[in-house]
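Pasting the structures here.
Shared between the two complexes below is chain A, which pairs with chain B and chain C, respectively.
Take a look at the complex of A and B:
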């Protein structure tokens, strides 16, 4: 039986309220905007944490807005998977809060809007709200992408905007298609109706259209052409936030669709193909990338491709692998972006960096080893879960996926360690590469510490992820929690 | 705590110790003492391991899998080699050589890490811990290779790409085994293997053979090893050559021979050519034996020459083990031990030459016999072992491998083995001639013998090679333990060698007669012949040519011109091109994808895709 928690609304309502209030106050006291925003994030974080605790102890929660029960009313649905990414989003927004020049009213407002939109996206239980929150998130990220106020940033953000809007319209068409076919937009309701009503080419077309919208954020091929440009031009904190967490929110929503609305083979195959292309595209392009920033942009495409591959394997094992991969990437990639923000320019110019900033270089090595998947780092166990899930459900597509993923790992190691060897290049006195101030390195170091802690606590972490996946893979139980309350 | 726990504890203490005070001048001696203690601990465990296996308290449970470590006879054998090789390498580095090295603390640390990784690998208790150990060894070796910088870096990079590709094959194999058997235990795999379909058997055998084969540089994965090992600093490189190069063999023995079983591999037939999986692997070993050996012949750098030989020698070991008889298995394992002794001695000797002259370029050396006599003696003992001639131990193991091939009726493989040995003899002669014989270079007139801290471990290794050549039973006692753990038939032997129904070898007689003969020869040469005329080393000698001292004339450059013309093309062969081809493919497809990301046409694709999808939906019966 699910619990009913009105508190689910707070992680969305608080930052949304903050986003409305902040510009008004910032007009008078610009210097306080950053502080106010941080307080709002902390508030939102603490309510999320309280919510997470109660969901961890008492099971998934449902909240019907205004007392109208689903499927007529609007519902928020919170299980452990949603809570995990909600907390990750809150932490990431706090960690990558704008600093210095960027900490004006505008970017701070957009950050709060992003937080509100992202939280709503992950909690919404119906398609229309997902679309609304997706748009809020998207608009906030367009603005943030341009918040560096550089020419390149504006150009990139504009192209991002065009692509994103096309994607959103496609998503809306998909939603319309679903509504025309089934007469409902509630995910729980759809999970009972869709398997009969939404089959065949129409269902698949609807899924592809939804994915075309989500894929822009989730960096799926071919919708991710904005990635290298935006991540290269936006402030590193924004890139870290978008690549690290926001992309995963879209991926989790895609997972909800696959589990609840499109459990058939067609949708899984689409996701599988998108994943294979993503890994191929990302790893190969990263191999030829010039700067670290560009390398990590492409590598993030590849990593999200792996998440898509994992989610394309039906059943709890695939979902667990996807969660592990996504979580691992959410820790590692932002740290990489923070390092790359200081080490701009061609990789060759970083020779001897180990003498200038040894801590950053060693952090880079650890992050690299983990993302390549070298035991005993957590990245290995994420890939391990993926392979375990893949070989448990073998098909021709899965074999190709495994091959591409393993080959991609080799390429990944090659381009990451190509950079590491440059850092350690001999005969350099040092002094020619940028040094890190502590404040610049601190977020990356913190994430590195999280990674090492995860290495130590891998056993309980694994158990909790597989519990999460069991919960998120059971569409019937989810529908029962939302629809059969009170009866 | 079991003996194995003591070993792990020693390794951990050493790593911590080197990290805190590795800069101290005495760190090398302390490390040597710890490796010595490890060697003693391994030896002390011999009795216990012969009767069963030694568990370790180390282990953890993750994602529902229990991972543990356990030492059996095979792991014991390789642990002994690891500790022994580390002992000699650190002895060599403890004195003057280490003091002359930049970044010696890092080298101490990397050696300690490599030893720890190796122990974790060879004593792995299941497939998952095997993979963990495998990756640790790969990356520890990578760090060791890349540490020096400069030209070592591209070589290390190439190694890393090969090693990781191999590791991914191994990982895929392990995960498939898990999907089939539901466990990572060796015994479940062994039990399930027989019942698998032959396609599955081929897949697993292929993945494991390729993955492990990369690490022992089996053809066609042999291109990385020579450059990577040669560029590593001397003492570390000797360790890599002696032990790390054998990790692929260890894993092949463990998974293909012990778990899958040679008879199962022999039952897998290749269509059309009439070979089984086992036969195919033997031929791969045979080609690995011959081609890298002749590539070694073409080298002009002493270290490259030796490391190319290392690849070829690995072929002999694998071939012996794959024969699968008591004699063949013992021969293969004994060759692992013997090779470790003489290859280390050779590499340390060459490093001593580099230490004194600054080069290992065979075109720039010569005549050092009078300047570095003990190094010469070590190198002489080493090359006799490498060539597989009496009285050194290399002869015994090669004889056993030849004999086992003969017994099993593999005449063509035997011919390959002989051809490989011929190439070895030719090239080791080039090695000793170009460094120690012939004309002394004027700039080397002032060269002195290496210090005792370097000469002593070299001679000790040569001495082990000589003693175990004279009394092979000593070393065969060690291989017995590994052989029993592999489940291979045991080989009855005495102190002097083996006696089989179809031929026997007693090295005590062979070596004793040889020594007596050499003694007679020496008496004739030194006391009974005509008065000798000593030629100054700087004088040119050139049969019949008139030359002034200003014109050096010596056949050290292009040593075997005729042969080089014949086998030269092997050096730039099809495999090199295949490797370049893969690299180019990667570059081109990378550029292609990157190019796509530099176009801003995605919204157009999207609109097109939408129209198509909608059309599809409507045609589909909306």
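Take a look at the complex of A and C:
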């Protein structure tokens, strides 16, 4: 019933080998480091694509590392949800590969390490192994946050590092608690043991501790104080990558924990509260923010809060809504960041931008309409899925979630339209705002094209996401695939 | 968003805020400590459900042929974790190297140590090298292994640098060793794919207790030892040496 697919290690092994080899060559031929790294990412992407095709046709795959079957050894578990985010990570790393001054050996090595770590994070089915890959991803992102080599960047990266290390330590305590109570680290094994062994305050505390670690990356309130500072000071490509995809990886891991280890009400309530606070704090701060870069940093907190709200609705419908919201945000937000990187400074200084760079302004309008949720853009369908899931499972908490979501959307619309009005301000002759070179606009345009393509293929996309959510919400079937293999 | 004390002089305000921060931090730490204490006391000590632990302890020796059960777990059952940990160190060293590149160093760090330390540092060098190598290659038999031995190897190269920061350190060789050692680990892992899965143990289990036993596990340990050693030595050389040698 489940295929054994040892090749599932390649998305981790290929970028890892690249990261180990890159510094050797970069010392002598610095200009080739970027090219070599891109080739490694392409190789990793095509391997991941081939694996994804095999998983889409033959069902979820399992591989027991070192031949030690679960729960004694470490397993990788790949279903369609994991492959989707694996591919998204590969695409994002390729798209936001460092350019110009940033494309030296150091940042390129860190990008490959980030790719290897993120891939392992999304594929691993073992609690401690997830922690190890989370650390690789985290350490690489601290370094990338400082890769702009500015004073502000160093300061922001240091604070990010301290906050992240505290979060990781708390996560490790959470893992220790779980292991002490259940005697296993395998997620599939835990899904059978945890419902009766991990109950009461200890279980809830373990979940909160795990979330404290993951929440740093997933930008959950109150662990997201680094967000505006790092995204403002780091190179725009790094901000786009961290906000766009890496934060979602942490969110997907949190989802795995909720489904497999903490299926009770307590964990869902914690996610609900974190989501409500995230949406309110993020949208209101975004409304008050002075520059576009700040606005989008805060709005990214709000968007991840919405994903948390969706995941807090138990059942496949909530998961489907969360996946759709996360995927939509992963396309839209990096494009926003690439635009904001050129339009730095106060929003008021961008009056008349439509005359200087019409293409960028119209792209901004389309992205705004989609993220607010105006039909027929994909953002509408993501929010629609959320409302549908909420109406199917009504409770007091869910109603608050719906209200917060709609209120957040209103605030979101207010500040995005305010910016658009400035761009179209009359009486400005133009010439005062920065223009875009094609290379600067290309990644954002590419993402805009993906968004429009998604609008056309919305029906098959929706069906595929709901299938994915069914698969990812069924803990018993996942456990059977990993543990009952008859070996 | 002005605070209520906005009229107070900046110096006094800052002073008050520091006090508040200290009190808040102490309260927070106390609360966190109490919470963790409560949690830990809810987990029975010494009678944890050890199903995975017991099962591994029962079969580890027979399956891996490693006398040191810690090695059997570290490189066998949890080999991927170990590769991940080596990668964390590698990533941290790469990030630190990137941040430190071109950073200026203070006068104090360029100071030569006294005559006794300088002489002893070079005399220690061969002994540390042998000890490090011994601990690495016996990692599957006795306590020790790649991480511990690697740290001693790093100390061998770093002690002379600490004694006289102007002495040469070859970063190119360190980077070369670091990169290829990591590559060897991954390639051995990929070779395991031919026998079923990533990091499957190769070359059989051998005679228990012999130096050449436990199949490919000692090879992994040698790779880890070289990688950890070159990484630590290179990182510390970046912090304390080199720059002052150039200036």
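Please note the rule applied: the second predicted complex is superposed on the first by the 486 of 487 C-alpha atoms of A that agree within 3 Å, B and C clash if a C-alpha of one lies under 4 Å from a C-alpha of the other, contacts with A are read in each partner's own complex, and residues count from 1 in each chain.
The definition used in the following text is that contacts are C-beta pairs under 8 Å (C-beta built on N, C-alpha and C of every residue); 3 or more make two chains touch, one makes a residue touch a chain.
Predicted, not measured: the structure shown is a model, and the values here were computed from it.
*Asks:* Which of the two partners, first being chain B and second being chain C, lies in contact with A:387: first, second, both, or neither?
*Replies:* After superposition on chain A, A:387 lies in contact with chain B alone.
*Asks:* Applying the document's definition of touch, where does A:307 land relative to chain B and chain C: first, second, both, or neither?
*Replies:* neither
*Asks:* By the touch definition at the top of the document, which applies to A:410: first (chain B), second (chain C), both, or neither?
*Replies:* In the superposition, A:410 touches chain B alone.
*Asks:* Should A:72 be classified as contacting the first partner (chain B), the second (chain C), both, or neither?
*Replies:* In the superposition, A:72 contacts chain C only.
*Asks:* Of the two partner chains, chain B (first) and chain C (second), which one does A:201 touch, if any: first, second, both, or neither?
*Replies:* In the superposition, A:201 touches chain B and chain C alike.
*Asks:* Taking the superposition as given, does A:225 touch the first partner, chain B, the second, chain C, both, or neither?
*Replies:* The first partner, chain B, only.
*Asks:* Quick one: classify A:173 as touching chain B (first), chain C (second), both or neither.
*Replies:* In the superposed model, A:173 contacts both chain B and chain C.
*Asks:* Using the touch definition from the top, say if A:146 reaches chain B (first), chain C (second), both or neither.
*Replies:* second
*Asks:* Applying the touch criterion given at the start, work out whether A:162 contacts chain B, chain C, both or neither, answering first, second, both or neither.
*Replies:* A:162 sits against chain B, while chain C stays out of touch.
*Asks:* What residues on chain A does chain C touch that chain B touches too?
*Replies:* Residues common to the chain A contacts of chain C and of chain B are 173, 177, 200-202, 205, listed in rising order.
*Asks:* Residue numbers of chain A touching chain B in their complex, please.
*Replies:* 159, 162-163, 166-167, 170, 173, 177, 200-202, 205-206, 208-209, 212, 222-229, 280-281, 284-289, 298, 369, 372, 374-376, 380-381, 384-385, 387-388, 390-392, 394, 402, 406-407, 409-411, 413-414, 417-418, 421, 424-427, 458-459, 462-463, 466
*Asks:* Please give the residue numbers of chain A that touch chain C in the complex, ascending.
*Replies:* Residue positions touching the partner: 6-7, 9, 13, 16-17, 19-24, 27, 63-68, 71-74, 104, 106-107, 109-110, 113, 116-117, 120, 128-129, 132-133, 135-136, 139-140, 142-143, 146-147, 154, 157, 173, 177, 179-186, 189, 197, 200-202, 205.
*Asks:* Name, in rising order, each residue of chain C that touches chain A in their complex.
*Replies:* 35-36, 39, 42-43, 48-53, 55-56, 63, 76-81, 83-85, 87-88, 90-92, 94-99, 101, 171-172, 175-176, 178-180, 182-183, 186-187, 189-190, 192-193, 195-201
*Asks:* Which stretch or stretches of chain B touch chain A in the complex?
*Replies:* Going through chain B, the ones touching chain A are 60-64, 131-132, 135-136, 139, 146, 148-150, 153, 156-157, 160-161, 164-165, 168-169, 171-172, 175-176, 178-179, 586-587, 589-594, 596-603, 605-607, 609-610, 613-614, 616-617, 619-622.
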